[in-house]
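The first chain written gets the first letter, and so on, giving A, B, C and D; residue counts start at 1 in each chain.
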Amino acid sequence: MINPPLGRKLRMALIGGAGNAFIGPVHATAAQLDHRAELVAGALSSDAEKSRAAAPAMGIAAERSYGSYSELLAAEAALPEDQRIDFVTIATPNDTHFEIARTALQAGFDVVCDKPLTIARDEAEHLARLVSETGQVFALTHNYSGYPMVRQARQMVEAGELGQVQAVRVNYIQGFLCGLKPGEVPARGVWKSDPEKAGSGTLGDIGTHAYQLACYVTGWQPTELSSVIKTFHAERKLEDYGHALIRCREAIGMITFSQITHGRLNDLTLEVDGQDASLVWRQEEPNQLVVRRFGEPAQVFDRNPRAAYTHDLSRAASRLPAAHPEGFFEAFANIYQGVFDHIVANRSGQQFVCDGSKYPTVQDGVAGIKFVQACQASSAADGIWMEL
Amino acid sequence: MINPPLGRKLRMALIGGAGNAFIGPVHATAAQLDHRAELVAGALSSDAEKSRAAAPAMGIAAERSYGSYSELLAAEAALPEDQRIDFVTIATPNDTHFEIARTALQAGFDVVCDKPLTIARDEAEHLARLVSETGQVFALTHNYSGYPMVRQARQMVEAGELGQVQAVRVNYIQGFLCGLKPGEVPARGVWKSDPEKAGSGTLGDIGTHAYQLACYVTGWQPTELSSVIKTFHAERKLEDYGHALIRCREAIGMITFSQITHGRLNDLTLEVDGQDASLVWRQEEPNQLVVRRFGEPAQVFDRNPRAAYTHDLSRAASRLPAAHPEGFFEAFANIYQGVFDHIVANRSGQQFVCDGSKYPTVQDGVAGIKFVQACQASSAADGIWMEL
Amino acid sequence: MINPPLGRKLRMALIGGAGNAFIGPVHATAAQLDHRAELVAGALSSDAEKSRAAAPAMGIAAERSYGSYSELLAAEAALPEDQRIDFVTIATPNDTHFEIARTALQAGFDVVCDKPLTIARDEAEHLARLVSETGQVFALTHNYSGYPMVRQARQMVEAGELGQVQAVRVNYIQGFLCGLKPGEVPARGVWKSDPEKAGSGTLGDIGTHAYQLACYVTGWQPTELSSVIKTFHAERKLEDYGHALIRCREAIGMITFSQITHGRLNDLTLEVDGQDASLVWRQEEPNQLVVRRFGEPAQVFDRNPRAAYTHDLSRAASRLPAAHPEGFFEAFANIYQGVFDHIVANRSGQQFVCDGSKYPTVQDGVAGIKFVQACQASSAADGIWMEL
Amino acid sequence: MINPPLGRKLRMALIGGAGNAFIGPVHATAAQLDHRAELVAGALSSDAEKSRAAAPAMGIAAERSYGSYSELLAAEAALPEDQRIDFVTIATPNDTHFEIARTALQAGFDVVCDKPLTIARDEAEHLARLVSETGQVFALTHNYSGYPMVRQARQMVEAGELGQVQAVRVNYIQGFLCGLKPGEVPARGVWKSDPEKAGSGTLGDIGTHAYQLACYVTGWQPTELSSVIKTFHAERKLEDYGHALIRCREAIGMITFSQITHGRLNDLTLEVDGQDASLVWRQEEPNQLVVRRFGEPAQVFDRNPRAAYTHDLSRAASRLPAAHPEGFFEAFANIYQGVFDHIVANRSGQQFVCDGSKYPTVQDGVAGIKFVQACQASSAADGIWMEL
């Protein structure tokens, strides 16, 4: 789509994503899915050689494949306005997010950053200040909040269809660490097991997704938590399992995360208990949402852009008729849709309500790092309650 | 079945179960399902009139319908040995279990008691001592451990098929309190909401089932717990929601219980993470057990007495071929099968290994009351760890 | 229950059921589940020795364990009225049903007969005449129509909640023949593979269940069918797979039956398409019924005796609260409940509306044999339409 | 991806797809998903005005937005080779496929055509001859054969993992016609209800998908069929429901199709019975495949590019790790992947084995029209067997 009123696609640069990385190519596909953006530049690896080698497969021309993020940002900033990139996507190890994001923002580019935002809280808050001061667009790819039925859930809560929310349970259960033999190095994402580069293990990798999902759907801003985290896998230096109990006024939520559960793949489940109804959503069957009320038959809502029951955020996030399954790419692309709407609005002097409903913001990133650090601190103190 | 070598059915008395009580008739049906026992006497209500009125529908003759449990125990004890009851089932409010059970044991009768065992820990331990001293049979109807696929799970763990168990999650989610309008009295089980008579709410009612299930399948004897319990329902004087984190050496388990989740009916789910495999079982689909191993297709085991994969406890607990659904009554009856095996063994001088695998024992009852009280104490102290 | 106004349990005799037979003990358990009947006599095998050996495990006293059905009927008829049996259950090979049923009816006993009714159509019609002339109770255990949610489905159709029914699909898929090695004799039900004794294979064994289920729920009386049946298993002399397309005025139904589908156990599925709604029910998850309407969320109805949505036949067929799974025995027992209601009504001069809603009648048996024979004839003529 | 060895993206033209059409935009997104092709030209409507208006949203430049397909083909053929399109996608009403496809082939362009291929058999065969003579690429978008787990199923069958296939059942159940009020015109796809333009109703729309799926997975080339089709919806001029029984040597298959089943969305289910195993796949849960063997636990295979169990076609068709749901777009894009591989092979003098495993060919189109016409003829003659 030639974004009206701009009359052109947005230009994207990708930092990270070379080799057998998982998430870099996901960003490329998701950002371009709806034909509103074009990947034109990249610094795909911190190794200049690898970076250039990986560019053609991404459709990046040789002359805009850079050897480092700083080179990319400098060169692109120097291009004429009608050629230079509009935004940068950061898909690099956690410990590098801060510097790249800060430099990109200061160079005037909008930013899409993988989660977790940073590994240090002050860095996260620094970025939040920058975003607030400049009004630039900054999105964190908590992609699960991009699913149409998650957005349906949020709007059902918001509209009061569940009544006051009393309790939430989010379980994010994976088992990929079980595939790691003693002494073996993982096939990809090696840095994720390195305390220096990752800052946390399962907490940052998936716990933050679960926490953000709970907050996205309920609108909660939890005030304290109690957590116990564990390291079960013999080769592991970081936590790979845990629970965090969160409080938000009178309500409570339980966040459970595991990467050591054999054969469980990407099993993120959300349960919300409201005073008038409850709901369940599962990432592995993302096109359905189950809502229950006492004494009534359970209702299975399908993602269905034409159904009268569909709320507007859910409708806008659907591309296909019901039961033509949409999945991970589309949800991820919905985050980018929000980002593009905001960028276009900024460029064309329109309003955009940046409340986190269309894409997770830098504030979600700050909340995520607080969550990670509070869990680590609480667990170290045997589960005492920590303020968030 | 005319239990060999006794050559007769066992004779049962039921205490409680009149009116619109749920669990009394379940005991009657479950105990008689396999034709090994016959309900011949009852004190179905603490109101002598109601007790007699309810007897015919249970098939109890007028002359053995008693006005109170003490009357029943005295009269039956006075009957000749070839007429008097063999065992007593106690299906009365929690606070009355102790006195009835103690009296029955002292009168020489074997006992089947509904859970939770008692509302006071010393009472539970008193009963445990009595059972230990006398060698009488004493079973607690944690009926969910009677399901064939739960027994399959236990034996898979025991046989090492899952490797060392690292984590367990048991969720017991109901929503029946949502049906209770402000000021309304529940249709049955009124005493369950009375702190004096129940001792606890959701904890004792379903939390103990979840805890027992975790221990039954894993063989754990947890050493400490941290719990937060809540009362969400406006009319409620007792807890109706909560979490308990349990520790057993290096492993951890999370027990979650709710009776305020709209439209959830009797959703007890067990997940076990072993070093070599994981499993999932759901009470609402009790005839299946899902086992997963990294990199392999998930395996759905059906209750199947003829399959080579079926362990002996599971096989013995099945009455029908696979996919001829068995349910709640059969699981409940499996507890009674264990009780009957033990009674017959005692009467005929045979050995019976009373390890809790065939029916939950008085020790499970002691563990249950410890669990309830530790949860209450931990939650009152904001979740500090309590020894079990 | 001491059936009012009779003031006693009904007395049952079982013919067949010795050895490792499956269905005989099911009858015994189902008939006695609700304490309204007592199994007091039996001719459990056509071998007098085996018959007597099997009696104790069924709780039948030696003096009422007979060497043959004719001996049983004669001896029981000679007993005083307050001792003799009330009804006979026939759980023998198909080819023996007719003689036993006829003799029992002529001896004045009510009859419960396993399906299919007979292997010859004139025999079936003979029995139907007898029943009609005598007014005796005669039930055929198409037990799947005893499930509460099947009864709910029937009453939803009857009440017009689905609008006019346009199409039905019933699939009954099993795979037990796959376990039969070349040359091997099945562990039980050997006669089922013998054309002389069975009359048909998969058609009679499960096809008739599927057909009856379609008719039970829709109220249809199909007028013609077209069928293709196959024998895939190498050892098989009878059909083990097939389809039958049925017509009922403007509507059509497809009945599919297989016993050669690896690993499928007892997978009977019903789908009904009405002008206003559609429904799906699966025997392997019998406590749920899914109803769908265009543009609305799918509704999952649970078996729930207390829910306002539950029709009266479904409510009466439930023994336990929702999500306390009921299964095969309970559904089977519901057929017996209808039989007992009818017997008691007959004995006490009350009316009983024998419309097939509470138990399948001899007319269902006649319809079943017509179905089997029309399928065989149609298939032999390459699928031409046959009148029913 | 800059397709090696071509070193560039392929250039695509889209015919049809303007307005609120469903399938045109799907082609655009699917073809471009993997960055191997670029939509550069279009004749999006048969109305020149509408065609030009719709172009920008598709990212098509004004100068390559044409007023008709003939204009497009002439103008593009006249462009220099390094600018002109490589292939044409036809997403127009059924009755126009033939002329457009023939013209495009004759102009030297490769073709991707929506199904069904044509509405007349001689036209389909004409196209097949043209393709055969020219060696040009011609694909038919039976997109469901693009799902990774469908490809897994095909290769499991091919590798003999199921043994000889004896029976197949494919049900394709939708309910969207139920949303059509009396007298109402559908929101899109109006031509689908016009006998002149569509040639058939539900048969061509979804029956051909079901038939192709059965053949794709089993490798069958059925020789005859018997069918009954019905028109249930009051407003309908074409069939909207039916069954077709197909024969392939000793094996049989049942194809069922409905567009009048309330609330069923896009429920395409495949069941294959082999002598050694059976399988089930559902389009609405496309990332899983269930395989069963007698006496063993059912196996649930997840789409998992890293699992050892994954066959190569399935692996190549996966973009994301297991349980990161892929859906309709990706399956559709897999058809395009096969097309692109073939085009690139043709252009670079490499071999491409065009056996229908990577994309459905013009021969699938011929088979589809034969299927449709045989069903119509069989049903008109009350279900007699028709040769295919």
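In this text, a contact is a pair of C-beta atoms (placed from the backbone, for glycine too) under 8 Å apart; a residue touches a chain by one contact, two chains touch by 3 or more.
Model, not experiment: these values are computed from the prediction.
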item: Farthest-lying chain, centroid of Cα atoms versus that of chain A; value: C
item: Selected interface, B-D versus A-D, where C-beta contact pairs are more numerous; value: A-D
item: Intercentroid distance (Cα basis), chain B paired with chain A, Å; value: 44
item: Chain centre separation (chain B, chain D; CA means) in Å; value: 55
item: Chain centre separation in whole Å, for chain D relative to chain A (CA means); value: 34
item: Sequence positions of chain C contacting 2 or more other chains; value: 295-296, 298, 302, 306
item: Complex interface listing, chain A residues touching chain D; value: 1-2, 9, 22, 26, 28-29, 32-35, 56-59, 187, 265-267, 283-287, 302, 304, 306, 319-330
item: Sites on chain A touched by chain C in the complex; value: 291, 295-302, 306-309
item: In the complex, chain A residues that touch chain B; value: 166-167, 169, 171, 173, 175-176, 178-179, 226, 228, 230, 232, 241, 243, 245, 252, 254, 256, 258, 260-264, 271, 273-274, 276-278, 291-296, 298, 382-383, 385
